[in-house]
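The first chain written gets the first letter, and so on, giving A, B, C, D and E; residue counts start at 1 in each chain.
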């Protein structure tokens, strides 16, 4: 069950950072990277192929793109996948392949993006980080809090260790999210943190709008369900109340 | 779990196009290719063998044929299979092997045939395309519409990418189909599009007749079910209506 | 998951024909070959070993024999197995190994024996054939009818193709059978057809007797079940009829 | 899924016989060999390791022993395992490895020990044998009866064939057993037969005592269950008989 | 399914002992080793990687650590894992890899830590040992009792055999535990035994405190459940007692 990255472009520039966004809690990594790639016009550089899992073709305006791979923008590379293959052996191989690829294209620091479950989150989501070295930790000092304790799984956890075993710095940026649906609001906070840490200026207004649309849709759904429940109760009541 | 194409003929001519029809939505690719192969007398050139899945023998007038493989007609090659092996690893290997074989026999452009689900389709089915390059897109410009967005899975999706990774042009022709039963009508539209794009003149009257037979059989089944339901309701009613 | 044939005898004579009888519909191939081997005293020549499935030992009068392998009689070789391993990958490997072995021992024509389901068969079962070449078809012309259409699966289907891919002639002899229990009557017809096609003179009276025994046993079972049902109905009736 | 025998002693003497006792019907082989090994002080010579199944450690008086392997006593070697791994691929590999090891340590005759189910056995259990050659059959002539017919599975069946394929003599000694619990009485008969066939003088009194203990325990359990059932019936009866 | 130990430190000192604590009954090995490692500040030396199972990242104060591996303290090495992978093939490979690693870093004696189930344990838990040699047994003579009989499974059992097959001494220290929840009290006794056997002076007061916390929490839970049950019975009783 091999995982391979196959080069699309003839030449790939050296990249100082690789930023990882594999499907996980609240899809924050995927949403953040998809936004940065689209907003800044990053170029597809590698297709990811899993030996026994076909890579689907994503269609956009009559043109075909890979559903998993690496995009490049200046000295930044972005690994992301539209669909999650969560088989443990695949997750392990992806982590190894991404770390290996990072080394090959000159990456010095791997940045993992992940959600951290906060079921009752009401305010702005908080940001945390966990790093393999002081140097990696510095990237988000002042931007996020060091995470006290816990376990990082998915692709991010083993990728931190795999990077470290290859002599690279690695740090995970974690954002609070209820995690019950894709969360562009949390993703927006992640992009802002990347802006600050990496000196970018990616506009997040589209993510904010999407977050508002989702919030409104959720609100409406909740309203409709309540209304529906109320009406069912009313329908049900008369016969029960008759002899009260 | 290897997938191999084993040569049947001593010499295979160079082919400019490979047209793919693996079982999928509405079976449109399989039906279209089976029709072209039979109608034009294409010759069997390769048997497809999946390592751990026996290739059945198809019998026709006392003679035995492989149930999956490649047929050749002038500078066109046709890949098709009577039965679907939908295990993800097999789908991926088939895509790779077909792309590899295409390169070996000189193919310049891979044409994938697929159905696109249109549950409430009433009128003539529309045709769409999605391509990996401008040159591949040209093939169906004016014949079909560029597909706005979506995901192409099955063998077609990864085959588009695998072709592209080998420097071949690749394009998918998609036809609308309810997708609930094999759809020779949609397949007929596909064959007409191939006629126009590739300068063929394959007669589609048998597909039209088969489409009418199926439409009629479906109509009769629907009628019979309605009649049956009506009679069951009548049978059921008397005792219930007695005291009305 | 390899399949191997391991030589038992020091020298194996060249064989013109290999006749295959793997467990399938009505067990006609297995019964026919077991009968010919026993009746004519064919010699064990190869043991078949499936990598991850132990080959059981068959005991006969204090002596041990392999439960799957090839027996040889003059210029005829017989492949058969007492127990079926129907995993698709094993069926494919058996087909390949039998075709390969056939080539190694000089076989020119592979003859597959199979049942064809005829649930309501009352009269004598009909015989059909399907061949990979004119020469193979000739073997059963005048003895059986060419099969109009259908799909041959099990070991026979892929073995026909595998033989063909190795330049051997191959033909399948199919006999009608209800297929609900082992059918020595259909097997007897198969042996008679082999007698005629290959110039043998194997006596089939034991198969006929076995067929009569089975027919009688089935008849008795049916009678007993009917009687039992009638008695249960009688036992059940009194209390229900009491107030009639 | 490899099976290996790893040498414990620096030098292993040539052994004329290998006697096999893998868990099976009534555990007769295991019990017989465990008894001979303990009674005669055979030395551990090989540990058996199955690639994907840990070999447990058996503790006896503060010391650790392997739970599966080969013990040696003069020119006799004994293969046994405390726990059964009945996966077909493992059974096949064990048979091959034991036959291979036999050849390596100079074995001329493999003796398999097995139970043969006799559910209603009242008298002394009978002994049977089935051999791959006249020479192997001679070992138990006059001691056991040749087995008329049947199928030998487990490790014993394929081991007989594997030995035979390597030019070794092989014979299976089968003893009747109800097979519903470990049966030291049947094992005792097996040891007596080995005494006679191989010129040993292993005392079986401990097996006889164990057999009596088990017989007594079974008897007591049956008595207790009957008593319990009788009392439950008595408890249940009064209310039901009240109005009789 | 390979298991690898990947070196973290540039140089690893020779270690006389390797002490193993893989998750098992009462988690005594894991708890004991985690305590010694934390209390004495042992250094991470190797990460354990299972081919098809990602190694999670453990976060502690914003810093990332591997969840399975080897820590080193003077001439002692400690193997432990936070999470159990109990697939038999993995357990076997871990045993082999730990034994192999032990040999590579100069270990002379492997010490396995395990729980032994004592469901009704009231007093202080007893300590037992089982060894592969007299020399290994000496380590715990006077500290624990030799175990009369039994089977050691998990990682400890095969590790004892694997060490022995590589010429290393190996001994298992077993402590009684109810085994129904993680048992720091039993782990504390294990650490005291290690102190005595290896001449350490690890303070166990934190384990004792944790044991008291757990004992108190268990006690409170039991109390609460009893109280709850009593209240439910009271609620339920009135209607039932009414007519008593």
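The working rule: contacts are C-beta pairs under 8 Å (C-beta built on N, C-alpha and C of every residue); 3 or more make two chains touch, one makes a residue touch a chain.
It should be emphasised that the depicted structure is a prediction, and the values quoted were computed from it without experimental measurement.
Common neighbours of subunit C and subunit E, listed by label, are D. Here the chain-to-chain distance from subunit B to subunit D, counted in touching steps, is 2. Seen as a C-alpha superposition, subunit A sits on subunit E after a turn of 70°, to the nearest 5.
In terms of their C-alpha centroids, the spacing between subunit B and subunit E amounts to 59 Å. In whole angstrom, the spacing between the mean C-alpha positions of subunit C and subunit D is 36.
With touch defined as above, subunit A holds no residue shared between interfaces to two or more other chains.
Following neighbour contacts from subunit A out to subunit B and onward until the ring closes gives A, B, C, D, E. By the touch rule above, subunit C contacts subunit B in their complex via residues 1, 88-89, 91-92, 95, 129-132, 137, 146-153, 155-158, 160-161, 164-165, 170, 172. The touching residues of subunit C, when paired with subunit D in their complex, are 6, 8, 47, 49-64, 66-67, 82.
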